[in-house]
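Each of the next two complexes has subunit A plus one other chain: subunit B in the first, subunit C in the second.
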Partner chain A sequence: MTKTVAMEKMLNKADLAAWMGKLDSHRLFSPALEDEDVWNYMPVEEAAKVLLNHPNTVRPPKGFVFPQREVLYEYSQVPGEAPVLNETLPDPAPAVVFGVRPCDSRGLVRQDIVFTKEYEDPYYQGRRAKVIYVGQACNQPPSPNCFCMSVGGSPCAEDGLDVLMTELDGKYHVKALTPRGSELLAKGGELFKDAQAADKAAVEKAHASAKAHPQRPIKDLGKVAGALKANFDSPAWDEMAKACIGCGICTFLCPTCHCFDISDEVKCSSPCKGERVRTWDSCQFPDFTMHTSGHNPRETLGSRLRQRVCHKFLYFVENHDTQQCTGCGRCVSLCPVGIDIVSVVERLGQP
Partner chain B sequence: MSQNAYLPKLGRIAAIKEEVAGARAIKTFRIEFVNGDGFEHDCGQCAMISVFGKGESMISIASAPHVKDYKQFSIMRTGRVTTALHDLNVGDVVGVRGPYGNKFPVKDWKGKNLIFIGGGCGLAPIWPVVQTAVNERRQFGNITVFYGGRSSRDIMYRNELEKLKGDVDVHLSIDAQEEGWDGYCGFVPANVMTKAPKADNAIAITCGPPIMIKYVIQNLKELGFEDDMIYTTIENKMKCGIGKCGRCNVGKDYVCVNGPVYSWAALKDLPQEY
Partner chain C sequence: MIDVAALKAHAKSLLEKGSVRAVIGYRKSTAGLLAEPATIADADATDDLIFDPTCVQNLALYLVNDKKERVHSRSDDKRPIAVVAKGCDSRAITVLLQEKHFPRESVHVIGVSCEGTGVVDARKLAKKLDGKKALSVNFDGSEAFSITTEDGAQSIPAAEVMAERCLECRSAHPTLSDMTFGEAKSERALHAPFQAVKHKMKDEQDNRWAFWARQFDRCLRCYACRSVCPMCYCEECVVDSINFAVLPDTTADEKADRIKWIERSPARSETAMYHMVRAIHLAGRCVDCAECERVCPVNIPLRLLNTRLEMEAFETFEYNPGSDMNAPTLTSSFRDTDPNSFIR
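On to the complex of A and B.
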């Protein structure tokens, strides 16, 4: 493979809408204020209103490729006859998602691992091929609970992105990272000017300053997996999980959590007609692991908190040599009872 | 040909045998793939069986890999899907996808004595190994089957076990004495101890209720079996079968991919979350 030099361009902030206007072959999404203090990805209706001045969204962008509910296939069966199955593989129109924070794009890379290892997942792949991610470096940490740097990321990480934008004074530094990203910039034509040495120096400075912001630290990341293993039977799991109400928010809003349920939604009982669907599920729910017999391998809150933390900081590391947490801080900020994964790792994941 | 792992193939129920009646009813379903669109499997592997409108259940394949015309599944009526399966008739069509999971390393066991220890419906997952060993009888040393049910009515594969005699030493047990029962009375682990199979050049393969497995392993250790001479299968709730839905995750393993077959040497390193 020939290594292509990343394309670095400059775009006036005022020209963002014009660029978006040239991307009408794609569906466009960007973070927008959905409710008071609630930012989420929404379809771009008026490009001029897109400001890209958002903190992080409440929901991560994983739903574009792994929707909360997805029909796997439709079935119909007349009694006594063979069922007829209608495969419903997704074939979405191409989309561009703007404003993706680097923690979330790193989350996407982890989703890619899960959905392509051993068996490919055609539903995930079908959507993934159609979504282009335009990231936005975090010049300021979007949340006091950010800890991307503590889990090997950075506010200007490029993993999983097709384009990385960095806001500079009145301009965006726009870096194409993949061929898809380069094509997207090419569509902007004259709107983009080549980044000059001074621009490159400015963006480096902005990134260095972004990285200098203090974040919640995890002292010795390399030793966390081993320490969690050693502390597997610690009574502290139960203690730290005591307040948990099992709402599952920590997993639903996590950019890396991928667990799902598969169930039949019946539309008509005779003839039997319906859809086999998959929906997000959570290891924090007691029936997630409950056997039909009633036996439940993880029946306590503590064992379920341990599963969430160990899956991210121990098992995923054992299997894929990287953490399955990208430090977005959502599970910390949005937990209704204040369970804090960084505190848990500090307490049980340090030698 | 679709590469969609979630889409089942269709299988017609060719025969249904009632193994055990009553509250813990077990039926054996012989399923033939429709239009020859099937798959091959190894000993120990499982398949996801669909009853459309109800859902899917992961069931171990109870027939041996050398049987190509059909697959058998022995299923206890327990939940929504298995109850729906029990209500089906010969000729009905279900969905089958798989095969899933690892396998018993039967090839490595040639020349060895095989000791099978099963309880309840736990005979089904190890049954393909029994069938394979009998099919290639001269390749293996002594073959012994210990199997027990709560009562004589809970003994599955009754006729098949009877037919094994001659090729295989069969030791049946029931929990409490019944009139006319000439086998052992008591629990399976105790029955094993009465015969005290030798650990030399042997492999023990056990499956049954967790409490049985616990004491079987304890007893086997006492008889001198090393951890890597003891094999069992574990089960966990499963939805996808391909290591993605997260349900069956135990430690770094997904039981649907890395299991269900474990040597005790491997299993004792996993968290006990199964």
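On to the complex of A and C.
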């Protein structure tokens, strides 16, 4: 990463659409209503209608780089001949995603660890290189179950973002955080004015006030991993998972969950033709750990809840020295039966 | 008005006497306004039990889950399990009994009245309160909910924030119970039966397909609708890869050649197939608890699919699922008077 001083600019709120208009080399996305009460990242059809006043989206923006279905390769075989494999690396048109909440961009950083640190996944990287993330600081908590600060984040965190926007009175404070972000601002040209000392003071004040909103605390975050390890065999896992219905909501809508399954989709059997695809999978599904022998090492709901919580607060910490939960609160808000990761960590993740 | 203290006392006495293994009921959740299901085995913990309009879940599901769990456990405890049941929950239990999923004596049903007002729809309530956070919701007579926010308590007409299913509910009082709390108010019928689906049916076929195509395209395939349904108790589900019994002598070829009925890809064809299979398997069994619709994180109106088939069962065969545990199930019975226009 180049060590340039972050570029701080001011943009009139009314000029947001004009800026978006200058970015026509990219596909633009912003939070919009996919259905009644269901916020999602949708293609920007009319820039003037983008308000960036959204609550937390139901779907996190992870699908841009880790889509629910990715074709790995196509295969075909003519009888008597060698099979033909055709790798299908994605090459999407460049995109800019607006309105990304800092918890979700921190989720992206965790996805980067999984898909690029030890093994470089070309499918993920092919998409990742093409998406620019414009963040939106949360002046007001976008969800009643936000707990970003309890897992080391903040409503104005910058990790994973190319640009961070903060709404001020009638204006946005726009901070470029990467060279890609700076280029994006440069395209806006005259629309942007340099941030003055007063603007910088105002943005600091807005961030301080955002951080002052009370959130659900996790005490002694540094000790959670150890405590979870000590409580691995606790009967409380089964007890807390008793209400769990075993659906995929908590994991599919998590900005950091990244598990997938690989299967062959046969399009035609003669001549043999099809695609090998990877699709989202969930540790909460009964067949996730099913062995071919029929034995399932994670048969019970309790063991699956333990896996989800320990992956985020123990195994990921051991492997990568950071939590794999960014406190977006989706799994808490959207769980049909009120299973609450903060309560679980409070109960089993405290020494 | 339902006496929650008496409900707690009943649960406590059942556990103290040891006449049940546990009580499945509701307690307050840390996650938000809606109650959470609680399985309580300790008599002292019965004080946590609540019953108010936030108790939306159909607890019959946990009888199914309990049975599954007991198949794997080595416990020889033959005592029944107690369950708190609203009208819709009791209908679900009745269907399970009709289908011989478990014997009548294995369950002690604590019927609760939803007091003519049914349960709350959290999305409608949030909209009604316009950003204010509801702290509690209570029954307030037969036509209103008493809702507490930071600004104090207010009474809101129940019909404005009631769950859709409750508006069309035709038997709000438990049809099956060993002990009932609250007033018997069996008829609510604020909306005509099957009103929502009949309204949708008026639309042109092409528009209806366009509507469902959009819904299926939005489906996440998280299977919450299946997982929450007490009637979706199949050991083997068409969407899972475990729908194939693997035995010691199952060959690798047999494993590889297993039929995949539905691909994992969230493609329209696969998703449509999943929802159709589920809806058809629920014909004459769905009690319209509408949990499938409530839990959907992307708001797909799944109730329309299920009530469409319930309407068929009702209008063609006068069949009401969950009304009589001694009656045969729809698909296992035949009467001379049944219309047979489809037999050619």
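Worth a mention:
One rule holds for everything that comes next: the second predicted complex is superposed on the first by the 348 of 351 C-alpha atoms of A that agree within 3 Å, B and C clash if a C-alpha of one lies under 4 Å from a C-alpha of the other, contacts with A are read in each partner's own complex, and residues count from 1 in each chain.
Heads up, the rule we're going with is that contacts are C-beta pairs under 8 Å (C-beta built on N, C-alpha and C of every residue); 3 or more make two chains touch, one makes a residue touch a chain.
Keep in mind it's a predicted model, so treat the numbers as computed, not measured.
After overlaying the two complexes on the shared chain, residue contacts for A:169 are found with neither subunit B nor subunit C. In the superposition on chain A, A:242 makes contact with subunit C only, while subunit B stays out of contact range. In the superposed model, A:293 lies in contact with both subunit B and subunit C. Using the contact criterion defined above for the overlaid structures, shared-chain residue A:261 touches subunit B and also reaches subunit C. Touch criterion met: A:83 reaches subunit B, while subunit C stays clear of it. After overlaying the two complexes on the shared chain, residue contacts for A:335 are found with subunit C alone; subunit B is out of touch. Of the two partner chains placed by the overlay, only subunit C lies in contact with A:252; subunit B stays clear of it. Overlap of the subunit B and subunit C interfaces on subunit A: residues 261, 263, 281, 290, 292-293. In the complex of the two chains, the subunit A residues touching subunit B come out as 72-73, 75, 77, 80-83, 85, 87, 89, 114-115, 117-123, 232, 258-264, 266, 269, 272, 274, 276, 278, 281, 283, 288-293, 295, 297-298, 303, 307, 311, 314-315, 318-319. Taken in their complex, subunit B has these residues touching subunit A: 2-8, 10, 12, 34, 50, 52-56, 78-79, 82, 91-93, 95, 210, 235-237, 239-240, 242-247, 249-252, 257, 271-274. Interface residues of subunit C facing subunit A in the complex, by the touch rule stated above, are 29-32, 34-39, 57, 61-62, 69, 72, 123, 127, 133, 218, 220-224, 226-228, 240-242, 245-247, 255, 260, 263-267, 291, 294-295, 297-299. Note for the complex: subunit A touches subunit C at residues 34-38, 58-59, 68-69, 144-145, 242-243, 245-249, 252-253, 261, 263, 265, 277, 279, 281-282, 285-287, 290, 292-294, 299-300, 332-340, 342-343.
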